[in-house]
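Here the chain labels run A, B, C and D in written order, and each chain numbers its own residues starting at 1.
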Amino acid sequence: MKKKIRIIVTGGTFDKEYNEIDGELFFKDSHIKHMLDLGRSRLDLNIRTLMMIDSCDMDDEDRYIIVKNCEKAAEEKIIITHGTDTMVETAKILANSIKDKTIILTGAMIPYTFGSSDGLFNMGSAIAFVQTLPAGIYIAMNGKYFKWDKVRKNKIIGEFVEID
Amino acid sequence: MKKKIRIIVTGGTFDKEYNEIDGELFFKDSHIKHMLDLGRSRLDLNIRTLMMIDSCDMDDEDRYIIVKNCEKAAEEKIIITHGTDTMVETAKILANSIKDKTIILTGAMIPYTFGSSDGLFNMGSAIAFVQTLPAGIYIAMNGKYFKWDKVRKNKIIGEFVEID
Amino acid sequence: MKKKIRIIVTGGTFDKEYNEIDGELFFKDSHIKHMLDLGRSRLDLNIRTLMMIDSCDMDDEDRYIIVKNCEKAAEEKIIITHGTDTMVETAKILANSIKDKTIILTGAMIPYTFGSSDGLFNMGSAIAFVQTLPAGIYIAMNGKYFKWDKVRKNKIIGEFVEID
Amino acid sequence: MKKKIRIIVTGGTFDKEYNEIDGELFFKDSHIKHMLDLGRSRLDLNIRTLMMIDSCDMDDEDRYIIVKNCEKAAEEKIIITHGTDTMVETAKILANSIKDKTIILTGAMIPYTFGSSDGLFNMGSAIAFVQTLPAGIYIAMNGKYFKWDKVRKNKIIGEFVEID
């Protein structure tokens, strides 16, 4: 519990906002700092925003940046906020390169600014999982955690499910 | 992650509400179910309300009920929602009796119904800690977890701090 | 203040919700009743949902239904919740047919379910305007009211402005 | 609708906050500005905080300050945010001195920061009533308005009711 944790922000539904002029969703600033304040987090955290994009728009270049940042990070415990649609893909690429750190990918089904978001709950879980799980790449959503190679997103029901 | 988790509700700031007639805080129903719905929790949970009281009003009899319920529970993973003022005291009594279960006591500094509550974040953490920590009695608040005998509440700053 | 007020629901941003599976906005049930409960409204109100549509999708047939319902209503004071994009158009058609009732069209820039909505404020204003303005067709948004023929929506800034 | 409106803040439940250390309610800063932003108010408003107190603690001196500020105000339309318990008393004293302005006293049953507040709805109504009612002293709560000498607060049900 003593070790510093890094939080890497990449965007995703988590950080989307509603544009009241055109009715579209868009990215502005990350709400992670605000969420941790609301949770009255007392941990030593190091937050870094790498990009603010929809995970459907994430390409190899973007994932390379994420992997490099995880490798270079002094912290052994890393949380990545990420869109849910390609979360498993990013987890897989991280698993190829990084063996000695605990990395938790998390996100939200509902934007944090929409009041009814699962974001704060998921962030609370991710903060806990990153402190207690052994080195490895995991996805943590809606109370559950999954090893990177044991999970897929069921897009019909909008839920992560375990696979063999 | 497969095992069922029990959640025992005892009240505390978590579940307090504002009485608009007299301006006092009071207890009605627990919001734990609503919080888990908001977090879109996909876990197999068994929620049981034992009492709805301020932890300052909790006496030996109440703690006896909590211990007995933890002992009898079929689940080996238990979360107890509890007022923060005497959370450490209840943890100590649980530690005397229960050795083979992972029990997480958690709560909130701000009532869940007040919008700005840390409750959803704390519940997310508790749900994660209970799945990953070894058997023992723990307090989980604001992103941190503490073994029952390594923590006290600093009432001046309203924060749990580690002790030796 | 004694006379009954009718509220006619037609949809609009007011009542949109976020679909967490596909990230699109959609209509389910109206939130008007919930908003009036939150405002602890003590008025004698008669709420009727006519349609749940985006005002860009509103056609002559829909507007005919709205006009007929306003004509037939026993109440002389009517609030219509409506999307902002074609609110002025509907107001104009109402003005052609109805001379002896006070009708207030109102809406929201942000869906009520998104937490940061102007909806509750606008509904509070509409409820007040409908009780105090003389017979006529008005648009009430963001604290202001406009006669139906003295207003247009500036879609660049997302704001209703007075015209001569 | 063209004339400037003054808003005078005196405290009341409207602006109470929850102290997470001792569980008591207290006053810090007014939320009126934030509420008007949320309502996307487009009116020309002049907000002035005179005091931040519970209306049960309001004495003759405090009411004298409120009356003097209303008299001196350049605006002919004034909203006063006020605790509900002695709102009628302040309205009566205002009515003795001020004849040519429209003054609306309003408040909330639930603090604005508690999420479930009626404050935004009441403020929306007050903003509308102040623009449309003739000169006089009024209380506006929960969708209704009352002349200062035709109302009392029923403290049992927490509601303002009309008297003859």
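Basically, contacts are C-beta pairs under 8 Å (C-beta built on N, C-alpha and C of every residue); 3 or more make two chains touch, one makes a residue touch a chain.
The shown structure was predicted, so the numbers you read here are calculated from the model rather than taken from an experiment.
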Given chain C and chain D, the chains that contact each of them: none
Could you tell me which chains are in contact with chain A and with chain B alike? none
By mean C-alpha coordinates, which chain is most distant from chain D? A
Report, in whole Å, the distance between the mean C-alpha point of chain A and the mean C-alpha point of chain C. 39
Just how far, in Å, is the C-alpha centre of chain C from the one of chain B? 44
Residues touching two or more other chains, restricted to chain B: which are they? 109, 116
Return all touching chain pairs. A-B, A-C, B-D, C-D
Which positions of chain A touch chain C when the two form their complex? 13, 18, 20-21, 23, 25, 109-111, 113-116, 155-158
For chain D, which residues are in contact with chain C within the complex? 1, 35-36, 38-43, 109, 116-118, 120-129, 131-133, 140-145, 159-160
